[in-house]
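Got a structure here, written out as structure tokens. Questions coming.
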Amino acid sequence: VTLRYANQGDLKSLDPYTLNETTTIAHHGHVYEGLTKRDKDLSIIPGLAERWEISEDGLTWRLFLRKNVKFHNGNPFNADDVIFSATRVRAQGSNFQTRVPSGSEWVKVDDYTVDVKLKSPNPIMNAQWDTWYIMDKEWAEANNSVAPTPAAATTPSYASLNANGTGPFKIESHQPGVKTVFKPNKDWWGKVEHNLDEIVFTPIASDATRVAALLSGEVDVVEPVPLQDVQRVNSSANAKVQAGPELRTIFLGFDQTRDELLFSNVKGKNPFKDKRVREAFYKAIDIETIKSRVMRGMSTPSALMIAPQLFSLSKDFERPKADVEGAKKLLADAGYPNGFEVGMDCPNDRYVNDEAICQAVVGMLARAGVKVNLMAQPKAQYFAKVLKSGNYNTSFYLLGWTPGTFDSHNVLFDIEGCRNDPNSSRGESNLGNFCNKQHDELTDKILVESNKEKRDQMIKQAFQITFDEYGYIPLHQQALAWGVSNKVNLVQRADNQVLLYWAQKKE
Amino acid sequence: MFAFVIRRALQAIGVLLAVGIISFAMFRFAGDPVNQIVSLDTPAAEREQVRRSLGLDDPVPVQFARYLSRAVQGEFGVSYQFRQPVSDLLAERMPATLELAFCATLFAIGFGVLMGVYSGLKRDSFLAKVFQTISLIGISLPTFLIGILLIYLFSVILGWLPSFGRGDTVRLGWWSTGLLTTSGLKALIMPSITLGLFQMTLIMRIVRAEMLEVLRTDYIKFARARGLSTRAIHFGHALKNTLVPVITIVGLQFGSVIAFAIITETVFQWPGMGLLFVQAVQNVDIPIMAAYLMLVALIFVLINLAVDILYTIVDPRLRTSIRQPA
Amino acid sequence: MADAIQAAPAPHSTPTTWAGRFFDSDVWASFKRSKLTMVAAFLTALFMASAILAGLLSPQDPFDPAQLELMNSRLPPIWDAEGQMPFVLGTDEQGRDIFSAILYGLRISLAVGILGVALSATLGITLGLVAGYLGGTVDAIIMRIADVQLTFPAILIALLVDGVVKAVLGGQLDEVTTLSVLVFSIGLSFWVQYARTVRGSVMVEKNKDYIAAARLIGLPTPVIMFRHVLPNVLGPVLVIATINLALAVITEATLSFLGTGMPETMPSLGTLIRIGNNYLFSGEWWIVAFPGIALAVLVLAINLLGDWLRDALNPKLR
Amino acid sequence: MAEPVLSVRDLRVEFVTRRGILKAIDGISFDIAKGEVLGVVGESGAGKSVTGSAVIGLIDPPGRIAGGEVLLSGMRIDNLPPEEMRRVRGKRIGMIFQDPLTSLNPLYRVSEQLVETIRTHTNLSASGARKRAIDLLAEVGIPAPERRIDSYPHEFSGGMRQRVVIALALCAEPELIIADEPTTALDVSVQAQIISLLKRLGREHGTAIMLVTHDMGVIAETADRVAVMYAGRIAEIGPVRDVVQNPLHPYAKGLMGAIPSLESETDRLVQIPGSMPRLSAIPPGCPFNPRCPFVFDRCRVERPEPIQHSEHRVACHLYDETSARPEAVA
Amino acid sequence: MFDVSKPWLNRVLEGGEKQYLKAVDGVSFSIAKGETFALVGESGSGKSTVARMVVGLLPPTDGEVVIDGVSMSSRAALAERQRLRRRIQMIFQDPYASLNPRWQVDRIVAEPIRAFRLIEREKEITDRVGELLTLVGLHPADGKKYPHEFSGGQRQRVAIARALASNAEFIVCDEPTSALDVSVQAQILNLMRDLQDRLGLTYLLISHNLAVVRHMASRIGVMYLGRIVEISNGRELFAHPKHPYTRMLLDAVPDVGMTGRQRIPVSGEIPNPISPPSGCTFNPRCPFANERCRAEIPPLLGGVACHAIHEGRLAVDAAA
């Protein structure tokens, strides 16, 4: 049984540590495995580590490794491989360096036991174990691939052209940008849940072509289906759209730190420092209309900066109703009875209907009297401009965020955290620098709190602060839309990784 | 002839250098490659490290000089995205693009010349007007729209032709060809038409105009006065004389064939250099962009050379002037 | 043909006013003879007029986000059961009236086309003239630049120039800047054609005796170049220009496909098609169909005019 | 006299333009006998070339033959279907155009053009045709033809090219050759060679030749008879010596008088005042009447028909016995 | 001298030498005020090149053109030369090609007036142009027409009017009637004569029509392959040609007078000017050539450059 699968993106490098990109990582997930894995519902399940223990002081983690696991080349898996991988993932050229706490020491106890010694406690360290995969030490050494391939290298390492993991599939052939063929790993340790003999993966960048390929039956699975084509696919005889909520939250942010906005006609002051202006913006946006018209119902409006799946108390928050008149009044109160002009940055090839959402926002703000000059640009230029490397060169922007750890702390720290301390990476992605002391103190406590209930309450408090301050305007979680042939059964995980080891295909 | 080749080679080097300088001057505006390599939540320190390891913290002239010195040794660097040598990637993609460009040009020349000759000979006939109007579709709808419409019709509705890719390919040495398998040939049809339509229109119009011109020359009149058959006059004498401008245009337009191949390859997921380039632009993959631009420049220089040689084959008057432009 | 030498009044006297001479010319006569050309001219004029009068003719200003109502999005054309007034040709995803958008988009497309052609023609003609007339090293340098230029077709130039401008200006790109980028890219990539054509004709013209006569009088070179040579090489340029006008409009559309065209908030005809392109499968055909038809008809009309002009200007074909 | 090779009867050619119908040839008749050279002279635009083209059936639109007959050895050829006319061209009528540079296709070797033409009209084999081509080149006086035959036209000098054109016209040994200003572009020395070649053809092969030129010297030397054309009509036709030395028609008189000669000692050349009328505005009556020094009333109303006068045929009322002649002709 | 060598690079690589085509080689003659000097000779013998050098369109490689005592090639006399410019004009071989097809005739004629600032006021310029057109037999109203609306003879007159507009005293006429039929040719030659008589113009006339030359010229130079082989008074040349080439040329002229003179075609082709024969360039075609002719270039003595005549081998009155 051959499953043909097409994705917008590509499996770019076979070295699992060089490129941090969902599609690439998902493909690696067929071949490689981490210490843990995520189940169909994203819960953490044992992977190459069968179980782990945390010492009293929280500074030492002991890992018990799975026995009788073999790499594709037949080498046995053991503690050396884990320690090798933990070192390699932190080496120069790896883009996953932060997935292993810096300064942690990995010590071999015996062939199947490893101790991790931390500098400070980290109760959620295992949340990221599934994102860095274990490689074979002997294979890497034999093939001169001990270090990850740095991009500046003139010759690529063996590991970026070949794969040797412990996962359920092996790579049979790989032509970047053209075709990758996977074959099942007969010796896999786990329980086989698929019925495939072969996976043929092709990247198809053009939306229309990808949909056409699904409709004409040339491929069995496509990801993503553009929202406007969902109906067309569903009404076709041979395929349907498998939709579901995604973890990424799309939101709007303001520059709240400069004394004068970079792109505005308001001079000498920054309107976004005024909470009333932020509230006015919030109220001017009618998220339900965006959902029905722009997202064609395929989105979940959100009051929080995190997806409800990732935070149990999300339901306690409710988005304020859209209210144009209220917005106008707030603006007038803040001293802008005739509104003002501001520039908005928006990517146009990054998120689902990103530019259309921005346009809708522009229209809605226009009705509240604010003239927004939209600058939609390809992601390459957008990120170069708005991120730290571009000096946060923006006044008002749209961004999407998935916490890499699937945990609220990541959001509170990276996005909502104050970026005032130059020695800390806190708030590096807080492009507009929303800043609240109390919020940050809570964040620090959350990191070391191991009591789940207490921790959740603290998270809720922190989110409440952002919510009350209108620090951000969360919009929605976009929906996943996979096009699946009627012959195929797939498991859709909310992190948008298309994992075919749960796929079943009827001939 | 030897001097001619040497002079052309020197010119080519000049052109390549200029292309390289211009490209490098522009790359730093294409975006920040680091963002494409790391994920959004990667801390700044780690980003800096990536940047340094890519050599992106050096001034542009230094980057260019380094690139040049490596390129001279045949090293074109490693793609940021794929971590593969750019030369391998391009070598793998080039056959696809060249085959596509070749078939498109063939299609364009074949139909363009036929329709052009016909409408030049029968300027006022109904069919000639139909040709002229219909061929304009080739330049009145954007390439991508034509591509999608073809896919919709022939793949989705009729199911006759594949909507994407190259079909099965056969390796001949390092060259992978789709010309030897049925599926490969089928896969070529729609992209070739999409890409060739514009050129076809152009060629048709030139041939027509030239035919009108040539048919009124004295030597055609003299050929008729000699009682030669209509066929010999039209296809032997007239057509051959229209070829010089056609060759010029085909040569001049080859650059745009390669450029529009970017669109066609995107629409049809044709695994060629254009697609690679578009993705490189999106991901600020500088080594690929640089090598692609240089390669296109090189191809262009070669095409120019071929055009000049073709001229002399077609037109004996140019033979002496190539060897000694007075 | 000889008139009587002792100035016997010619029976068909030549009109002296400019307009008079135009209506008396063979070009005008051949125009009147070709119905197709007249239709094409009418359509071109219609398009030009509606582009200029877009503000008066359209029910909505599609560039003003405040006038777009998301609730009106994706309405089919009026003859469909779900169609609504005043959206005669339906609306797009943002609730933009397609009819209005076509008129406004036409304005941008024509501006890009006309300005782009004007820029490239000016550049190309000047360089071609200089290269052809002066020859030698100047010629060699200009032609090598042309070679370099040819390896950067419009699309590549626009991709690069767009990035440069966005990065340099950093801030917001307003309508004028975006338009300038497009015009600049197109102008930059089309000039070679003019330069080569003009250079070729100049090399023929400059050896003619009327140039020698002008040199004999002692006129400075630039005066000879622009006053004597230029008018005599403009014929083919005119023809290239009409084709390029269409080509520029299409190129702009293509650039839009690659994400460097006009912004979606100020869609040109090409951008509209690119947007509509996304809705081809979803049943909202009108978003692409009407702008597509408009563009095709416009290009067709301009090219038919160009075809006719090419034939009409060639005295041998009359 | 035996049947003439070419016989033109009341030929009319018109050009349909948007400003009306131009009568380029308005009823001309003449014969050319076997071996005879007919010179055609006249002012620029008088219709010399159009006459030649009309005979060989190559009038391009908007021109058309509006009336009259063209007979080749008694066979009418002006109304032949295109394919049959094609077979007459080249085979039975050879044509030589004025400009040797533009008459040859620059992209083909001389041999290719010759062989192609020979094989179109004969059933010689390729090698036979090539042999004949070499013979032809030798005949028109190209030295070392077997070496030069594979050259391209641009590798020949103007005179040699003109000789190649003549060779092409001779390929099938036609009965009639129309030579339209074959020597205008050439200087005297080459001109003399071409003229003697044409004369030899008439003498040796009995080819009839229609020789269009404005060089009176060439006419005087080559032609047996000469036709003087004016505004689409034949003003005078007759034996060459008579017409040159004793022209009857006032236009012919003017034309002959305007020739600067190597012998006479004049300070001023005789010139005809005024110039030929436009085709679109030919005056009624005799087309020459506005310029004619002997004009009288009848000339302005009635078109003179050619009348026989001694050995000439002349279209002038002066020589019509019935017209009231105002005074003696000078 | 025209440099017709291959480009530098080719020469370096192929070891070729620089090649020059001597279009005109050691030509000397002088023209007196008010006379007509004619140059005759086969096509390619360098007549037009001489004409272009005389008016300053081509710089001579060696030697100089002196007009009224001012050297046209010396750098010093720039101002003088500029003043001379307006006194010299040229009528080109092809009148149509020498008139800008996009300009109205009055603008063409007025151009030298404007360029030399002969007259400042527009009104007066218009009057002067009208006057010039009338002078050459055109109507002032014809000034509004374009060149293509004129017949060949009329165009020739426009070119003459332009030449006169600069108050030129010396006019170079390069084959002014080669493409015209005899009646139109007569009109033009008569006009040139009239002007000379009235205004005292000086002409350098180039033609391959010997009858025209004989009619017009007071003195005649015969050119062969870039050299003057004979210079003589007009009637004298035709009555008693000396140089063998001149004789050959005259023999080739067709005879209108029907005197029964047999026309003798010129034998042989003109040699390749890039590698002309050594010695007297005419020697390969000359029936009187001997060893000296093949080795030594004959000087122009007594109006003729021919060893045979200088040595008395060939009698001066042998022909005609």
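A, B, C, D and E are the chain letters, set down in written order, and residue numbers restart from 1 in every chain.
Rule of thumb we're sticking to: a residue touches a chain if its C-beta (ideal position, glycine included) is under 8 Å from a C-beta of that chain, and two chains touch if they have at least 3 such contacts.
Small disclaimer: the values here were computed from a predicted structure and weren't measured.
Participant: If we look at subunit C and subunit D, which chains touch each of them?
Facilitator: A chain counts here if it touches both subunit C and subunit D, which gives B, E.
Participant: If you tally contacting C-beta pairs, which comes out ahead, A-C or B-C? Let me know.
Facilitator: More contacting C-beta pairs are found at B-C.
Participant: From the C-alpha centre of subunit A to that of subunit C, how far is it in Å?
Facilitator: Inter-chain centre distance comes to 46 Å.
Participant: Could you grab the centroid distance between subunit B and subunit D? Build each centroid from C-alpha atoms only and quote it in angstrom.
Facilitator: The separation of the two C-alpha centroids amounts to 54 Å.
Participant: Centroid of subunit A to centroid of subunit E, CA atoms only: how many Å?
Facilitator: Centres of subunit A and subunit E (C-alpha means) sit 88 Å apart.
Participant: With chain centres defined as C-alpha means, what is the inter-centre distance between subunit A and subunit B in Å?
Facilitator: Chain centres of subunit A and subunit B, defined by C-alpha means, are spaced 39 Å apart.
Participant: Which residue numbers or ranges of subunit A touch two or more of the other chains?
Facilitator: Correct list: 208, 212, 215, 349, 378, 381, 384.
Participant: Among the residues of subunit B, which are close enough to touch at least two other chains?
Facilitator: Those would be 30-31, 148, 152, 156, 216, 278, 281.
Participant: Mark out which residues of subunit E touch at least two other chains, giving numbers and ranges.
Facilitator: 151-153, 187
Participant: Which residues of subunit E touch subunit D in the complex?
Facilitator: So the residues of subunit E touching subunit D come out as 42-43, 151-153, 179-187, 189-190, 193, 208, 210-212, 214-215, 238, 248-249, 252-258, 263-266, 269.
Participant: Flag every residue of subunit B that touches subunit C in the complex, lowest number first.
Facilitator: 11, 14-15, 18-19, 22-23, 26, 28-31, 129, 132-133, 136-137, 139-145, 148-149, 152, 156, 205, 209, 212-213, 216, 252, 255-256, 258-260, 262-263, 278, 281, 293, 296-297, 300-301, 304
Participant: With touch defined as at the start, can you tell me which subunit D residues reach subunit E in the complex?
Facilitator: Per the stated touch rule, the residues are 41-44, 157-159, 184, 186-193, 195-196, 214-218, 220-221, 241, 244-245, 254-255, 258-263, 266-272, 275.
Participant: Would you mind writing out the residues of subunit B in touch with subunit A in their complex?
Facilitator: 30-47, 49-51, 53-55, 70, 75, 77-78, 80-85, 89, 92-93, 148, 151-152, 155-156, 159, 162-166, 266-269, 271, 275-276, 278-279, 281-284
Participant: Applying the document's contact rule, which stretches of subunit E touch subunit C when the two form their complex?
Facilitator: Per the stated touch rule, the residues are 52, 55-57, 82, 85, 88-90, 92-94, 97-103, 111-112, 115-116, 137-139, 141-142, 144-145, 149-154, 159, 162, 166, 187.
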